[in-house]
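Structures are listed in the sections that come next.
After this come two complexes, each holding subunit A, first together with subunit B and then together with subunit C.
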Partner chain A sequence: MLRELLTGLTRIAGVRGALIVSGKDGIVVAETVMEGVDGRAVAALTGSLAARMRGVTGALGHTDPGLLHLQGPDGGLFAAAGRAGLLVVALTTADVNAGELRLALLRAAERAA
Partner chain B sequence: MRAIEPWVEAPLGGFLKESAARLTLLMTSSGQVVAQHGFTRSLDVMAASALGAGIMASTFELAKVMGIRPLDAVVHQGTGVGIYLAAFDTPRGRWLGLVVFGDETSLGLVQYFFARLTEDLGRAAPAAEPPRQVLAEDFEDELNSSLRALFGR
Partner chain C sequence: MSADDIQALTAQLARDPSSLVFLPLAEALRRRGQLDAALTVALQGAARYPEMAGAYDLVARIRSDRGEGDPAFDAWTTVLRLDPDHLGAHKGLAFLCYRSGDHSRSLRYLKRAVELAPGDTALRTALERVREAANAQRVPGYAEPAPDPLRALEAEPGLALLVDPQGRVLAGGMRAADGSDAGDAVAAALAGVSREAERAARLLGLGPWRRISIEAEPANFELRTPTIDSVLLVQRPREVPGGRLALLADRASTAARRWLEELR
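Presenting the complex of A and B:
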């Protein structure tokens, strides 16, 4: 089930890898990543980033963010909050269709539990 | 941070900075302390190292009983605090790391940067020293002359 969710995400052009991460622990629950991508590092750092963003939005009096999008010159990282503290994460190239991926991630996050 | 082996300090310092671990203890597989950070009393360090080595020895035996490969790491996770205990190989033999971490970091970060620490230690370790003679060749002559000098015989 989780693998199917990830495979659906990696079919989108520009997605280099997709993971389901335990947000609190920052550890990999399931992953489908291209060779050379360190899934464990992505999980650890995305978990930490998501926790910090929750802290920021909490301090501002807002609810937890549903989706994080970190964009760099060579690529991006998307993370959608799922149920039971899971994060659905996608690593992308710079030219990925962000709108399509956001929709797919949010759908996947609803199903990931 | 305190380290018995000076070359351990830089890799361990990097790990502490990145992982935000509260307490860290590096020891040999027999429980002899190599370096520590965060412990305030020597008794705490000795007790923690003995218990950590005992836990890893128990898991090693448990794996043998179950007919599986030895387990490299054990995680105990409680409310607001967790313990990560892992064995790894160095040029100086098999060592153990005991890391206590809180909510300010995560198990994933501790695991990830601990793996980097083990690689850094492998690179930083000086070449093994050739075994030295326990006693000098002229030990007996020197001892006799010292005794003669002391007792005048």
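Presenting the complex of A and C:
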């Protein structure tokens, strides 16, 4: 089932890889990535970044981030929080349809467990 | 460099993708006007060596040659993060600012470049020209209003916070969900975020990070880096559309950058 979720995400143009990551320790639970994408690195870096973001929202008394999106000139990293501390992650090119991917990630995060 | 030399370097890079030969190869392609190929080689090199200032300098020069001012600016800003005394980056940023009509910023970068290379007469000449241009822009009797990011940041207190890399508050404030002041705690947390974002963006080949969007309850957030040594966080209730929040953050970031440069 996780594989199906990820395959659905990678069908979106501009998605170079999709992963389910343990948010607590940044370990890959499942992945579908293009050649040249290091899934373990994506998972570890996403886990660290998400933890930092939890620090920010926590300091404000807000919930943990439901979705985060890091953007650079050459691409983006998206992560949506699922159940049981899992993150649904997508690594993208710069021209991905962010709105479409956001919705797909939030849907996938609801199902990921 | 001849076409044969370029072919040889290309073959060498294909045999050993971790080789530093990408630097002379991309430079040679740039000089021959093969900017697409030069950019591809330079970006791959920069992704492989994310801590190498020279790789980003090369990317910046190629971007600049392609007329891509914003990406070139980002790349040279990254160079200065890695090497604050990089002469090429100061010169490049001075050129970009001059080209965009921002003579006062151009002047600042050029002054630093002259400090770094006091014997460079061409730089001194450029400095004088830009100084004249900056002075020529001033109209007698007109006092330019000081840029004031605080007006943008503090119009609604507690919704925008500007911090330095050490996690200290520069301007603005941040209100917690219960209405209490959480500025210092958030500033401390943001210092780590900036470092982590920079590392992730570099290692994943995204280029220097520009923005982070965060969705939470009961508010959404946008993060920006107005300058190489500051981070801006803007929050708004979830009812505010994401695109609008991003625009607000962009505007506050521009104002904050001007304000910080004015302070210096």
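Please note the rule applied: the second predicted complex is superposed on the first by the 113 of 113 C-alpha atoms of A that agree within 3 Å, B and C clash if a C-alpha of one lies under 4 Å from a C-alpha of the other, contacts with A are read in each partner's own complex, and residues count from 1 in each chain.
To be clear about the criterion, contacts are C-beta pairs under 8 Å (C-beta built on N, C-alpha and C of every residue); 3 or more make two chains touch, one makes a residue touch a chain.
This one's a predicted model, so the numbers in the text were calculated from it and none came from an experiment.
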- Message: Following the superposition defined at the top, how do subunit B and subunit C come out on subunit A, clash or fit?
- Response: fit
- Item | Superposed model, subunit A: greater residue contact from subunit B or subunit C | C
- Query: Does the superposition put A:26 against subunit B (first), subunit C (second), both, or neither?
  - Reply: first
- Message: Just to be sure I read the superposition right, which of the two partners does A:52 touch: subunit B = first, subunit C = second, or both, or neither?
- Response: second
- Considering only the touch criterion stated at the top, classify A:41 as touching first (subunit B), second (subunit C), both, or neither. both
- Task: Have a look at where A:1 lands relative to subunit B and subunit C in the superposition and call it first, second, both or neither.
- Result: neither
- Query: Which holds for A:73: it touches subunit B only (first), subunit C only (second), both, or neither?
  - Reply: second
- Rounded to whole Å, the nearest C-alpha atoms of subunit B and subunit C in the superposition sit apart by 10
- Message: Going by the contact definition given at the top, which residues of subunit A touch subunit B in one complex and subunit C in the other?
- Response: 41, 45, 48
- Seen from subunit A, its contact residues with subunit C in the complex are 41-42, 45-46, 48-49, 52-53, 55-77, 91
- Show which residues of subunit B lie in contact with subunit A when the two form their complex. 77, 105-109, 111-113, 115
- Item | Complex contact set, residues of subunit A against subunit B | 21-22, 24-28, 40-41, 43-45, 47-48, 51
- Query: Taking the complex as given, what residues does subunit C use to touch subunit A?
  - Reply: 43, 70-71, 74, 174-178, 182, 185-186, 188-190, 192-193, 196-197, 199-201, 203-219, 221, 233, 235
